Amino acid sequence: MLELRLVQGSLLKKVLEAIKDLVNDANFDCSATGFSLQAMDSSHVALVALLLRSEGFEHYRCDRNMSMGMNLNNMSKMLKCAGNDDIITLKADDGSDTVTFMFESPTQDKIADFEMKLMDIDSEHLGIPEAEYHAIVRMPSAEFARICKDLSSIGDTVVISVTKEGVKFSTRGDIGTANIVCRQNTTVDKPEEATIIEMTEPVTLTFALRYMNSFTKATPLSNTVTISLSSELPVVVEYKIAEMGYIRFYLAPKIEEDDEEAKS
Amino acid sequence: MLELRLVQGSLLKKVLEAIKDLVNDANFDCSATGFSLQAMDSSHVALVALLLRSEGFEHYRCDRNMSMGMNLNNMSKMLKCAGNDDIITLKADDGSDTVTFMFESPTQDKIADFEMKLMDIDSEHLGIPEAEYHAIVRMPSAEFARICKDLSSIGDTVVISVTKEGVKFSTRGDIGTANIVCRQNTTVDKPEEATIIEMTEPVTLTFALRYMNSFTKATPLSNTVTISLSSELPVVVEYKIAEMGYIRFYLAPKIEEDDEEAKS
Amino acid sequence: MLELRLVQGSLLKKVLEAIKDLVNDANFDCSATGFSLQAMDSSHVALVALLLRSEGFEHYRCDRNMSMGMNLNNMSKMLKCAGNDDIITLKADDGSDTVTFMFESPTQDKIADFEMKLMDIDSEHLGIPEAEYHAIVRMPSAEFARICKDLSSIGDTVVISVTKEGVKFSTRGDIGTANIVCRQNTTVDKPEEATIIEMTEPVTLTFALRYMNSFTKATPLSNTVTISLSSELPVVVEYKIAEMGYIRFYLAPKIEEDDEEAKS
């Protein structure tokens, strides 16, 4: 028997919006620790990892570990029917082939039950080793989203270069080139507006903008984003989910012969 | 000679938005009582009845009864040219084959005349008998619109079941099932937020969501909607138009062999 | 060497939005006087003339006259990457085949450089003689934009008639006719809300609404628009750019055999 009650139901709605374009079908794993998901995108290039810790739920009952295969598009359709202030409860009986989403309006006037068929999905859980990163950039998530969107109007890939002074995002396309530099900046009114760079050595890596733009769909989940970079490791783009966990996106850098040229 | 001056011109704009997708061409009937319309939708399944009482107009002159056939899409195009604060005057000479819409801006700086050709439309006026309904539900119109829209993302038909405790809207589709229950609730801050159920006996009826969604285009006309149900009578979905009249939609229930199954 | 620093960078963004749908490629001319452009629309029917005077820039360095051919669509793509509060600096080296747009965020945290290839564009600079106009109408730009948009839902051309009392905009189409009269009105709360008519003799001219609608893309640049009319001269539709200059659109009237008929 599984019963997870999330007072801030809009969080789950935002999580689905963040991953449903990247991943079609995925297993959600429930254990005493929490509600989690790990899945490759449909072209097997990017990896997404989600964790919502059990402590973040108002009520969390998970009698035994369960893996529930869901079509994320259908799940998103159902969650869109929840109001932004609704409490969402996720229920499943042991051995059942369905999951139920219950939405309660704050005034309890309106209660909805949505039942969805579960799917059998083959998936191997990848162990993601803890790694040391050469550079970790924390910046406002809206700023990062804006940069990825802007560069996409010029080119297809982004070169991210981190030095002590700042982080540079560059692209090049048919109509010209673009370089955007964000300086390290900690003297801000609100902590979430800071751009903070922790660096052991400079890094320069190239990524497909298509995926970066897809990751920024998680922007509504957090005011800040953390980008962890090391040469020859996948980048980690992480959005913290307040008091509950995180959503992390992993993407391998592009190895380009004309890499140097693209750095402008 | 016909001359109807409506200070709150935005009302007429909203009326057209509410019915133009349902009905292509219709006769507007003018008499001493008021300005009214009765029409079947283009697939002859739903009926719409509109009444704007003469007392609601600032000036109402209707020398003799007139029936004016109009293309609602064209009429809507013209009314969209009226500002939301404009005074709208509708004018027609006896025997004329045109109607004129005059729009006056509140400051009288700008005056517009739009002239439209009238059409000959065959239509029979149906007498709608006053009926006793088993259950009458009054609820916030935005809530009803949201429910119809949400259920449409899951299924094609809605089963409406009324009991003393509340009203249940259910659907079923390829991706799963949904049940939304709104409880009777009269302890609200504003009267228009109440959900009130008057019932002589429980009712369960099935309707096409496509039409229900179409009816909810009238939501901007009123904060509340009244749904009147009886077994084997068409449902009436009514939006009151403040101090002027109403717009009512009639839709016959679906008789489904698999009705029981669809009730969830 | 060219270096033009514009504190109110959003002005340049709005200028591009105003002309990019009308003109594909054009030469921007820089001289000690200012930054200007003159171009025919792609169908060679309308003419646009832009002037941003050098005094309006925070810093204006133009060592020698330069003509820079740009694709306006690509330039617009780059300027869209500037924030609305960004300072925009335009830079070009003598003899260079590229131009650089630099965007500085107000807090100086983020600095972007966009470099674009210049083009060779053949263009002849037309001398536009100063003319005496029979009627000059100044009115709120949003009002003029609304009128052009509204009339486009009815017909393809607009007849503009100016008398001492006001200006009338008329059209006619398959679904009917429309006349919108704006009265001379100087008793307004804010000067930009006035409709002022200076007239030596009445004028009635017909224009294609398609172009008028295109000109109204300049509406965000100014609260008012000035329309100068003379029989057998192109109309001038002018939007002033505060303390910097103007954008002017010229359009020849239509000579219609059935002109009289279209006047309603």
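Order of writing sets the chain letters: A, B and C. Residues in each chain are counted from 1.
As a working rule, a contact is a pair of C-beta atoms (placed from the backbone, for glycine too) under 8 Å apart; a residue touches a chain by one contact, two chains touch by 3 or more.
Only a predicted model underlies this, so the values are computations on that prediction, with no experimental measurement involved.
K.L.:
Quick one: do these chains touch in a line, a ring, a star, all-to-all (complete), or other?
P.N.:
complete
K.L.:
Can you give the rotation angle that fits chain B onto its twin chain C by Cα atoms, in degrees and rounded to the nearest 5?
P.N.:
That rotation is 120 degrees, given to the nearest 5.
K.L.:
Let me have the rounded angstrom distance from the C-alpha centre of chain A over to the C-alpha centre of chain C, please.
P.N.:
44
K.L.:
What parts of chain B, by residue number, touch at least two of the other chains?
P.N.:
Chain B, residues with two or more chain partners: not present.
K.L.:
Which part of chain A faces chain B closely enough to touch in the complex?
P.N.:
Answer in residue numbers: 71, 74, 77-78, 80-81, 98, 107-117.
K.L.:
For a test of understanding, state which residues of chain A touch chain C in their complex under the given definition.
P.N.:
143, 150-151, 153-154, 175-183, 185, 195
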